[in-house]
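Chain IDs A, B, C and D follow the sequence of writing; residue 1 opens each chain.
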Amino acid sequence: MSAAQEPAVNQRLAVTMGLNKEEYVRIRELLGRKPTYTELGITAALWSEHCSYKSSKVYLQEFPTQGEHVLQGPGENAGIVDIGNGWVAAFKMESHNHPSFIEPYQGAATGVGGILRDVFTMGARPIACLDSLRFGAIDAPRMKHLIDGVVRGIGDYGNCVGIPTVGGETGFHSGYDNNILVNAFALGVARRERIFNAVASGPGNPLLYAGSRTGRDGIHGATMASESFGAESESKRPTVQVGDPFTEKVLLEACLAVMRTDAVVAVQDMGAAGLTSSAFEMADRGGTGLRLDLDRVPLREKGLSPYEIMLSESQERMLLVARRGREEEVARIFERWGLEVSEIGEVTEDGMARIKAGRKEVANLPIAPLGKNAPMYRRPVEAPKDLSKRQAPPEVPQPDDLAGTLEGLLGTPELGDKSWIWRQYDHTVRTNTVIGPGGDAAVLLLKGTPSGLALTSDVNPVYCSLDPSSGGSQAVAEAVRNLACVGAEPIGLTDCLNFGNPEDPTISWQFRECVHGMAAACEALDVPVISGNVSFYNETEGKSIPPTPTVAMVGLIPDLASLPVAHFTNSGDRVLLLGEDYGEFGGSAYLRLLHGVEQGRPPKVDLRAEERLADLLRFLAFEGILRTAHDLSEGGLAIALAEATIDGGLGADLAVDIDPVRLFSETQARAIVAVAPHDVERIMEEATEFEVPITELGSVGGDRLKVRCDGATLDAQVEDLYRSWSTALPRALDF
Amino acid sequence: MAVKARITVYPRPEILDPQGKAITGALGRLGFGQVTDVRAGKSFEIELSKKGRNVEKVLAQMCEQLLANTLIEDYSVELLDGGAKK
Amino acid sequence: MAVKARITVYPRPEILDPQGKAITGALGRLGFGQVTDVRAGKSFEIELSKKGRNVEKVLAQMCEQLLANTLIEDYSVELLDGGAKK
Amino acid sequence: MRCGVVVFPGSNCDHDVYHVLKHVLDQEVLFLWHGDADLRDCQLVVLPGGFSYGDYLRAGAMAVHSPILEEVRRHAESGGQVLGICNGFQILLETGLLDGAMRRNRSLRFECRDVYLRVERDDLPFTSDYDQGQVLRMPIAHAEGSYIGSEEMLDELEESSRVVFRYVTPDGADATGEDEERWNVNGSARAIAGVCNEAGNVLGMMPHPERCAEQVFGNVDGLAVFAAVAGAGARGLGVLS
């Protein structure tokens, strides 16, 4: 398409590209003239919700972002924490929800690709991934196809690049029937002195383009031009991006190799909004300007317009700022890995982006007003009208058969075994995986040191939907608890905040409340937020997803020698319950999965109690006393005990002085532990010292799980529990 | 009467074809420098127990529903001569 | 003159084709009960910059050396009409 | 022993093998670049796992034509030791240094999990620290690991004792009936997990011994493969029970 065919720039076009009236006026005023077609496209992309965070920024400021380990907080491609012995970890999480709903395989695969690039852009070698998935009801239309595609996509991409997926979570809820969530997390490590920032500096330095050629992929629906484009050119533009993990792998190696020289100043991947966002963001951070010559951008097909080149989201591409005079050295390294490098422009001083195609200047835009100083909104908020009705205390029916109830819960895809998923992911490559998927938190070895890293991702969308603030706190608290179960101290978190349309006041309210709850928990539990991502507009036909603020947290384990596991390992070990139950059933798995009720206030989050519990667990793990530690979450004590027996095939004989239904209560700040009998006295003392309520339940052993309660006994064969649990997902999927 | 058909599925021309790209490169390294482009697709040979009236339509339905991902792939259907061919 | 060819690679008849079997099953579950057998193979569309004399032989070499594993796969080569086709 | 680990652009277990040879077994180890036709006097050459060229087309197919493979072939033919793990095994099959071929797993999915192997031969340089019949637990991680060949070829393989590892049940029995699907995860012909050449100096195996070679993973069943061939004597290291 030549410039002559470009549609006329006016307010209507701006609106079809996703800008509102005020924003269109603002860019006209900024420029003192009408923007060109390409300029308007660039502006619309940079001011899109996805790139500008315009509706979320005001709230995100609430998060604590400082901490003793933090070297790089939010604002870069990934955050960075110090993990000791001269090493740092860079990590981030990102959503790929919409692409995955359209084309699950490629959508999920390119999600993994994008997050890996965010990490190695910082000079860190990716060593682990997590994936947090939310699907609709398994029987919803297309759902099995979506599940299959997403899992294959994540697997094929990560497996090929050679980064283990060591954990994650998978939820099912009809609230995601028309909008599934795919949140991908990656973590990389680097020597402290090798950290890289994506800051374009040094006017005169060349801008280099490396990796795959640019095609028409994924030029976004939101920024897509008006009807006048014609059906033909529209059909030429695939909205689905195809990933090439092999190219990603060589790009990764080449970038890390180049970053070991000092021939490059900055590196950034071309993610959402492609060349536009990578170029503008790098210059914005450096307070510099840039000049681009689009004729030099390597193209996959002929005839791309400047607009298309600037906004293409072709995958596996990087933009580098090299030191002037060192270009050849850079090119040689990329060539060794079979990749092309082209010089497509240079850094300038004047804070302007000047973009040329042919002999024409197609854009001349000021950088900071489009980036750092993009519009920011405080959207109207309003609590949903039906909130108090939904929060009304639910009726809690008594279970008639405890073993049957437990097996019923274990047999749901929600609480059943997820190994059908994570067996399709290579989780042992790189030989760092000490605990892979299936435990409370994944544990990675840091080779050459005694210490380890622990990773977990958590959120309970049902809690968040019943009480966003408390749900937000709970996600953070549960992550801390999962880490504490392997003796890890949290050093930072990243998040993916998945919500509906922020222009709807009730959604903005949910968002504000969730962030507020998360921030409070982060403060109280001393976990800084070092990176993250907001995904709005997760709705279909006006129906929004449940608020889903996914939290991925990273912890440090000082010494792996005394690592507890999540299941029972020794006959004769004594089982103890830490924490106290208040019989809370609002939003519980028991009511939702067995009685179809999603009502009530979710369990209270007592941050002080969480802190004391986590301190105690870490201390006991470090002292080497714990053989088993497993936190209580969905399904309460019954599910936690069942999980602890299933994995090791060892039963337990226990008694607890409660009403039987309370086995399924989801009161927070609790965990079960198992210790050698001679350590019982010690653990009692320590619990008292740490002010954590403790109850001795009984002993590990046999092939049955027996729990005597007031007036009833849960008595189940471990083998039967295992069968219900392990067949739950494959049975539901029926592949 | 039995009938046999061949279905061919290719990535759409504007869609990145990483496999085709890799094969082009590998053929070049093998000395087949004259190869300028390779597209990699799938081929299915399908046997149906009876011809029916709308066999082509039925085959197209199979493509739409299972064999091709029409968002990123094109397919073509070809009837092989009536079950005779082995 | 440029030339275009199609190469088709199939698992040998005596080799069990798990993918073909799976597709047969899936089509059956989708209601295409008349499908009795599916073989799943690969198809490559190759563009060569020049025709040369022995283009068929060259294509066969590509198959032998790279595109097919002749231990378990058969291939066939077909010239598409001389570069005219887009 | 001087050991070389071949690095293809898409290798991703190269560092894992290097780590075991170098840091666990204290051997001299070099990375060998696929584009260099030079083994740099290495006595043991390891083709590691990964996706050498993205595994497009067929796993291992494109790696066969790398310059280094000519040298690997020469090394093997002159009696030098070659070990192919996972993708390395697939490459050895594609080169013809080992007999057979690979199809996609029977599930048509990538499978990453522990399996059990029975050692069928303990007289190879790679297996001399095991006992015949010994059962090993090892992780697999592959999508194309269903070993296949013509019936005659398989018969010949068995007659000349070239099956080195076989997928079995945890107690070492042949997996039959319902067990077959469970323990011969990828559906390999005759449950074959690893084979060698006639001379016994080239071994290919799908499971990953380098992923179970340190105590911290709770499994050191794989260490002896490297220890034996490198002459480091795993028994001497006291890591075998």
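In this text, contacts are C-beta pairs under 8 Å (C-beta built on N, C-alpha and C of every residue); 3 or more make two chains touch, one makes a residue touch a chain.
Every value quoted in this text rests on a predicted model; they were computed, and no experiment measured them.
Between A-D and B-D, more C-beta contact pairs join the chains of A-D.
Averaging C-alpha coordinates per chain places the centre of chain B 8 Å away from that of chain C.
Note on chain placement: the centre of chain B and the centre of chain D lie 35 Å apart, centres being C-alpha means. Averaged C-alpha coordinates put the centre of chain C at 31 Å from the centre of chain D.
Chain contacts: chain A has residues 244, 246-247, 338 touching two or more partner chains. In chain B, the residues touching two or more other chains are 18, 22-23, 26, 30, 40.
For chain D, the set of residues touching two or more other chains reads 53-54, 56-57, 61-62, 65. If you sketch which chains touch which, the pattern fits none of the simple shapes: not an open path, not a single ring, not a star, and not all-to-all. Here chain B touches chain C in the complex through residues 2, 8-10, 20, 23, 26-27, 30, 32, 34-50, 52, 58, 61-62, 65-67, going by the rule given at the top. By the touch criterion given at the top, residues 11, 14-15, 18-19, 22, 42, 65-67, 69, 71-72 of chain C touch chain D in their complex. Only residues 18-19, 22-23, 26, 29-30, 40 of chain B touch chain D when the two sit together in their complex. Partner chain C is touched in their complex by these residues of chain D: 57-58, 61-62, 65, 94, 100-101, 103-104, 106, 108, 146, 148-150, 187.
Chain D contributes residues 53-54, 56-57, 61-62, 65 to its touches with chain B in the complex.
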